[in-house]
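Each of the next two complexes has chain A plus one more chain, namely chain B in the first and chain C in the second.
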Partner chain A sequence: MEDLITPKSEKEAIEMLNRYNEDLLPRKFGIAGKLWVTVLCIVIAIGLYNYIQQLRFGLKVTGLNDTVSWGIYISNFVFFVAVSLVGSLITAVLNLLNVNWRAPLTRISEVIAVSAIMFAGLIIIVDMGRPDRILNMFLHGRIQSPIVWDVIVVMTYMTISLLLLYFSLLPNIAFCRDRLPNIPKWQRKMYSVLSFGWENKPEQYEIIKRAVKILSVLIIPVALSIHTVTSWLFATTYRPGWDSTNFGAYFVAGAFMVGAAAVIAGMSILRKFYVHYDEYLTDKHFDRMGRLLVLLSFIYLYFTVNEYFIPGYKMKGDEAEHLRELFTGHYAPMFWSVQIFGMFIPIIVLLFKKGRKPLPIFIMAVFVIIGAWFKRYLIVIPTMLHPFLPLQQIPEASKHYAPTLAEWSITGASLAGALLVITLFVRYFPVISIWEIAEERGIHSDTIYEHLNEKV
Partner chain B sequence: MKKLFKYLYIKRLIPVFIIYLVSLFSINIYAQNDSTSSKLQASMNLSYKITNGIKSVKVEVTRKVDGKFIPVENLIVNLYLTEIKKYDPIVGDGWMGNLVTNEDGLATFKFTDNFNKLMSKVHVFNFIATTNEDLRYEDMQEEITVNEALINFTFNTEDAVTTVVAKLTKFQDGAEVASPETEMKMLIKRTFGMLPFGEDGLTTDENGEVSAEIPADLPGNANKTITVVARYDDEENNGIIEISKDIPWKILPKVNPLTRRTLWSRGNNAPIPLVIVTVSLIILIWGTICYLVYLLFKIKRLGKTKK
Partner chain C sequence: MSQKSDDKEKLEGDHSGRRDFLKFGFLAAGLTVVGGGLQKVFSDNKDSAKVESGNKVKVLTTDGKLVEVDSSHLKAHECCGASPTDSREGIPGKKYVMVIDLSRCKNALKCQKACQKHHLLPEQDKWLKVFKMQDSPEASPYWMPKPCLHCDKPPCVKVCPVDATFKRSDGLVLIDNERCIGCRFCMAACPYSTRTFNWEEPQQPANILEMSYSPETSVPRKKGTVEKCDFCPDMLKQGNLPHCVSACPNGVYYFGDANEDTVCNGDETVRFKQLLRDKAGYRYMEGLGTEPSVYYLPAANRLFPFEDAEEVKEK
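This part shows the complex of A and B:
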C-alpha cells in the first residue's frame, strides 16, 4: 500500500520485526474469548447429541421426505462451499496479480477456506443418513455422476487449501516453537511436530515461495471447479429453478461475494479483539475489501438478473409456478429480504467511502453472509417442493418441508464447528503472517531470516 | 462525538437487522394447501384378474378433491366371497381377509394354492368388499360377479415366421366351452409398454381361437427371447385374463443398452472421452499435489542439514 512504513536502516527493520512479534504472536484468550469458545462448544454438543439420535433412528428425525430429500443440510453444504472459495480469491488471485496490500488478509482467508471446506465435507456425510455406506461412493460410484465429481473436487480442494495454509504457516509455527514463552509442554510439542523441521534457511523459504506460487495457480481452476460442479448437482437435474445454463457462473459469482464478506467479518472481529491489529488491518484494507465486495456484488447482481429475469419474462409452465412462489408466494418475504438486505443495501452502503469504514462494512458483511445462507435455502428447497412432475399420489407428509429442531441444531453445530476451527487457529497460530508482513513492508529477506532464527 | 455517531449508527442499524432476520424466518413452508374434515366420502372399485393362472382381486379406493381423484391410503377393506359372513372352511366362501390400501389407494388379494384347490370346481365368483367404521371415511360396500374364463397359447414356426394361436374358453353350467366372436389382444412386451401385433380388432373364430404372426423383424430382448402376451378384457363379466410366455428369438436388439457407453449407463460403461478427461485431470492435479508433498519433505530434509 502507498502508506507502508518501510525501514530506513537495519536497526529500524529489527525494531519493526520485534514489534510484529509482540503484536502478532498468538496469546491466551480473555474472558470474551473463553466465553465464545464455551458457547460454540455447547452448540456443537447439542448438534452432536442430535446427530447421534439421527444415527440411531435414521433421517426420520429430520423433516426430509421423498419430495424434499435435500433440505437445509444441502443448503448448508452449498453455503460452506461458497465461503471456502475465498481462499483462492484472496491468496491466489491477489497473489498472482501482485496486489501489495494482501499480506494481512491471506491467512485469514486461508483459514476460513479450510474450515469451510472441512465442514462442507462433513455436512454431506451428515446428509447421507448412513455414513457407513460412504465407501460405496468410491467402490460403486459412476464417473458420469456430478455427485462423484463433487466428492473428488471437494477432497482435492480441501487438500490444496490445507497445503496452501500450511506452507506459508511453517515459518510462523517454528517461530511459535522458538519464541513463545511460558507455554505448556503439549503446545510446544505441537509446534515442534507441525513445524516439520523448519530452521529458517533461505533454501526453505525458496521452497515455500515456489510451493505457494504453484498452489496459487493450481487452486484457481480447482476452486472454480468445486463451485461449478456443486452448481451442476442442481443444473443437471431437470427441475424448475435448476434447469439453467447460468448456474455455474452464478454460483461462482455468489461464492466470491460471500467469501469476501466472510474475510471482512473476520478482519473486523480480529481488529476489535486484538490490540494493535488496527496497525495491520487498517482502514485502507477495509476500504479496498469494500470496493472488492461491491465489484463482486455487482457481478452477482448481473447473474441474478439473468437467472430470474429471462424465466420471469417467459413465465412458462412449472417454472412460472416456481417463480410465483418466490416473487409473490410463500417464499417472497425470504426472497426479497435476501435480495434487498443481502445484496442491494450492501451495494449502496459500500459505494460510499463512509460505508467502507470498519463498522458499517462489518455490518454489511454480516448482511451478505446471512443473505447468502438463506439464498442457498431458496435455491434448494422451493425447487424440491415443485418438481416438473406434479405431486400426485404421494403421502401427505411428503408435500411439505419444515426443518426439525434436530436439523437446525446439527446445522448450527456445523456452523459453530467451522467458527471453532477458526477461533482455535487464532488462539494457537499467528493469524497474520509475520514474515509476509515484514516482506510486504520492505524488510530485506536476509534480515527477516536472521531475526526469525534467533531462538529464545 | 465519534462515539455518539457510532452509537446512533448502531442504534439505527439494529432495527434494520431485526427486520432482516424476521423476514427471513417469517415464511410458511409447504407445497400446497390442504384441508380435511372429520368424515369423508370415498369411492371403491373392485376388479378381478387372472395372470398366467394366478387369480387376484384388486381394490382401488379414491376420493374426489377439486375435481381430481386422489388415492385413499391406509384404509382397511374386508373382502368376502359369495356373501358377508365368517369364513367357511368346507365350502371356502365367506370372509377372505383384510386388505390395507397402499399410497396409491390400491390393495390386491392373491388366491393361494389351497384356496385354488378348494375353488377348483367353482367358476362363478361373487366378491364383496366392505369398509367398517373407519374414522376418516364413511362406510363403503362394493360387489362384483365374474364368470371364469381361460386363455391357452400355442406357437407354430414355419419359414422363420412364428404364429401365435390363443384359445379363449369360458365356463357355462360348469362346462368349459369355446368363446366365439370375442375381441382379444395380442401383445409383445417392450421396455416401456406393450406393442400390439396382428390385425386390428382380432376376434375369435367359432373355435374360440385367434391367430397372429409375430413381426419377423422385431428385435428381441438382450437374453435372446421375446415376451408374447394374449389378453382378454371384460371387467364386468369375466375380469381381465392375461397369459404371457417368453419364446426364443433370434433377432437381438440393435444396440444392447447394457453395453452402450452413455452418461446414463452403469459406471463401467462410462463414455471413453469422459473417462480420459476425468482421469487426466485427476492425475495432473494429484500429481502436482504429490510434488508439493515431496517439497514439504524436502523442507524437512533441509532442516536437518548443517548451515
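This part shows the complex of A and C:
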C-alpha cells in the first residue's frame, strides 16, 4: 500500500520483523475467546445429540416431507459452498493480479474457505437418508449424475484449498515450533510434525512460491466449478424456479459476494480482539474490500435481475405461481428483506467512503452474510412447494415446510463447527502470514529468512 | 474326473432347468386359469405349504395340457420378486404400457386401495394418486389417476448418483433399496411428484420382514430410501395385471405390451395403437421430453358426471 514504510536500513528491518513476531504469533485466548469457544462447543454438542436422534429415528425428526424433500440442510450446503469460494477469490485472483495489499487477507480467506468446504461436505452427509451407504458413491458412482460431479469438484477444491493454505503456512509453523515460548509439549510436537522439518532455506521459499502460483491458477476453474455444479443440482431438474440457464453464473456471483463479506467480517473480528492488528488490517484494507464488495454486489444484482425480472415479465403458468409466492405471497417478507438488507442497503452504504470505515462495513458484511443464508433458503424451499401437479392426496403436513428444532440445531451446529475450526486455527497458527507481510512491506527476503532462522 | 463332474453338473443343470420351467409354466398358466378368487386361499396356505391340502386345482400347462395339482404346490407364486441384481433385467420381449381413460374415472379410488394394500403402504404414502384437475377456468374439472409414468427417458434415473433406480428393457423403472443412499435427488428431478421417502422405519408385518428384499416387490420396505409405483412386476411375471388395473370397477386402466400392441382393462382387450388413435390419446406434459409409458385418453364424453365427494360433504 502507498503509505507503507519501507525499511531504510537492515537494522530497521530487523526491528520491524521483531515487531511482527510479537504482534502476529498466536497467543492464548482471554476470557472472551474462551467463552466463545465454550458457546460454540455447546451448540455443537446439542447438534450432535440431535443428529444421533436423526440417525436412530430417521429424517422424520426434520420438517422434511415428500413435497419438500430438500430443506435447510441443502440450503445450508449451498451457503457453505458459496462462502468457500472466497479462498480462491482473495488468494488466487488477487495474487495473480499482483495486488499489493493482499498479504494480510490471504490466510484469513483460505481458512474460511477450508472450514466452509469441510462443513459443506459434512452437511450433505447429514442430509442423506442412508449415510451408512456412503461408500456406494464410489462403488456404484455414475458419471451421469450431477451429484457425482459435485463430489468430484468439492473434493478437488478441498484438496487444493488445503494445499494453498498449508504451503504458505509452512514457514510460520516452523517459526512457531522454534520461537513460541512456554507452550505445552503436545503443541510443540504438533508444530514439529506439521512443519515437516522446515529449515528456512531460500530454495524452500522458492518452491513454496512457485507451488502457490501454480495452485492459484489451478484453483480458479475448480472454484468456479464447485458453485456452478452446485447450481446444476437444481438447474438440471424441470422444476419452476430451478429450470434456469442463468443459475451457474448467478450462483457464482452470489458466492463471490458472500465470500468477500465473510472475509470482511473475519477481518473486523480479528482487529477487534487482537491488539496491534489494526496496523496490519488497516482502514485502507477495509476500504479496498468495501469497494470489491460493491463491485461484486453489482454483478450479483445484475444476475438477480435476470433471474427474477425476465420470468416475472412473462409470468409463465407454472413459474408464475412460484414467483407470486416470492413477490407478494407467503415468502414475500423474506424475499424482500433479503433483497433490501442483503443487497440494496449494503450497496448504497458501501458506495460512500464513510460507509467503508471498519464499523459500518462490518455491519454491512453481516447483513450480506445473513441475507445470503436466507437467499439460499429461498432458492431451495419455495420451488419444492410448487411442483407441476397440484398438492393433493397428501397429508396436510406435506403442504408446508417448517424446519424442526432438531433440524435447526443440527444446521446451527454445522455453522458453529465451521466457526470453531476458524477459531482454533487463529488460536494455534499465525492468521496473518509473517513472512508475506514482511515481503509485502519491502523487507529483503534474505533478511527475512536469516531472521526466521535464528534460534532462540 | 473333471469330465465326470462336468457331466454331473450338466445333468443337474438340465434337471433344475426343466423343473423351473415346469414350475413357472404351472404358476403362470395356473393362475390365469384359476383367477384371483383362489389367490387368498393359496396365500393362507403359506405355512402349511409342505402338507398336501387335498384341494385339487386344474391348471393349464404351457403346452396346452390341462392337469390337476394340489393347491399347496401353487404357493410359490407369492415370492416372485427376483434378487436386486436379477431385477435389473426386464421380462424378455416385453414393453409395458398403460392407457388411462379419463372419461371413465369417477374417483372411486379402488385402484389406490388395492395399491396401498398390496404394497403395504401406510396412509400417508400414496404411490397412485387421483388428482382433481381443471385445465382452464371455463373447462370442467376431471379426475386424473397418476401412477409412476415409467418414462422412457426417466429424469430420476439420469440423476441417481449410485444407479439405485434403473430402467429395464421391459420399460419398468424400479428402485434397488439396498443400494439407495437416500439423497432424494430423484424426488427433486421427477416432474410428476411420483416418489415418496421412508422418513422413518416402516411398520411391516413379521412375515414380510423375513422375506429377502426384491426391487420387484419393493418389500421389505427400508428406512431412509425412496419408493414409488413399480407397475407390480411380481404380477406381470405371472402374466397378471397390476393391482390398480384389476381393482378398477370402471375399466379406467388399460395395461399391456406395446410389442404385442394389445392392452387390457380386465373387461376388454384392445389394440394399443388403435385405442390411442381412436380416442386421441396423449401423454401428460409431452413437452418435457420424458417419454412416459403411461398414456391418457381425454376426459370427453364421460361416463359419470364430475362429483367431488369432499365438496358434496361440505355442502
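The rule is simple: the second predicted complex is superposed on the first by the 456 of 456 C-alpha atoms of A that agree within 3 Å, B and C clash if a C-alpha of one lies under 4 Å from a C-alpha of the other, contacts with A are read in each partner's own complex, and residues count from 1 in each chain.
The definition used in the following text is that a residue touches a chain if its C-beta (ideal position, glycine included) is under 8 Å from a C-beta of that chain, and two chains touch if they have at least 3 such contacts.
Remember, it's a predicted structure, so these values are computed and weren't measured experimentally.
By the document's definition of touching, both partners, chain B and chain C, reach A:Pro395. By the touch criterion stated above, A:Ile370 is placed in contact with chain B alone, chain C being left untouched. In the superposition on chain A, contact of A:Thr67 is made with both chain B and chain C.
Legend: residue contacts after superposition of the two complexes on their common chain; A:Gln339 is shown touching neither chain B nor chain C. Judged by the touch definition given at the top, the superposed model places A:Met137 against chain C, while chain B stays out of reach. Residue contacts after overlaying the shared chain place A:Thr237 against chain C, while chain B stays out of touching range. Touched residues of chain A were counted for both chain B and chain C, and B has more of them. Of the two partner chains placed by the overlay, neither chain B nor chain C lies in contact with A:Gln187.
Looking at the shared chain after the overlay, A:Ser216 reaches neither chain B nor chain C. Look at A:Gln204: by the touch rule set out above, it reaches chain B but stays clear of chain C.
Where the contact sets of chain A with chain B and with chain C meet, they give residues 67, 140-142, 144, 392-395. For chain C in complex with chain A, the touching residues are 123-126, 129-133, 146, 155, 158-164, 179-185, 187-189, 191-193, 195-201, 223-226, 285, 288.
Touching chain A in their complex are the following residues of chain B: 6, 9-10, 13, 16-17, 19-21, 23-32, 34, 70-71, 73, 103-105, 262-267, 270-271, 274-275, 278, 282, 285-286, 288-289, 291-293, 295-296, 298-304, 307. Partner chain C is touched in their complex by these residues of chain A: 57-60, 64-67, 69-70, 127-131, 133-134, 136-137, 139-142, 144-148, 151, 233-234, 236-239, 384, 387-390, 392-395, 398. Listing the residues of chain A that touch chain B in their complex gives 67, 140-144, 149, 152, 156, 159-160, 163, 166-167, 170, 196-199, 201, 203-204, 207-208, 210-211, 214-215, 218, 222, 330-331, 333-334, 336-338, 341, 345, 359-360, 363, 366-367, 370, 374, 381, 385-386, 391-396, 399-402.
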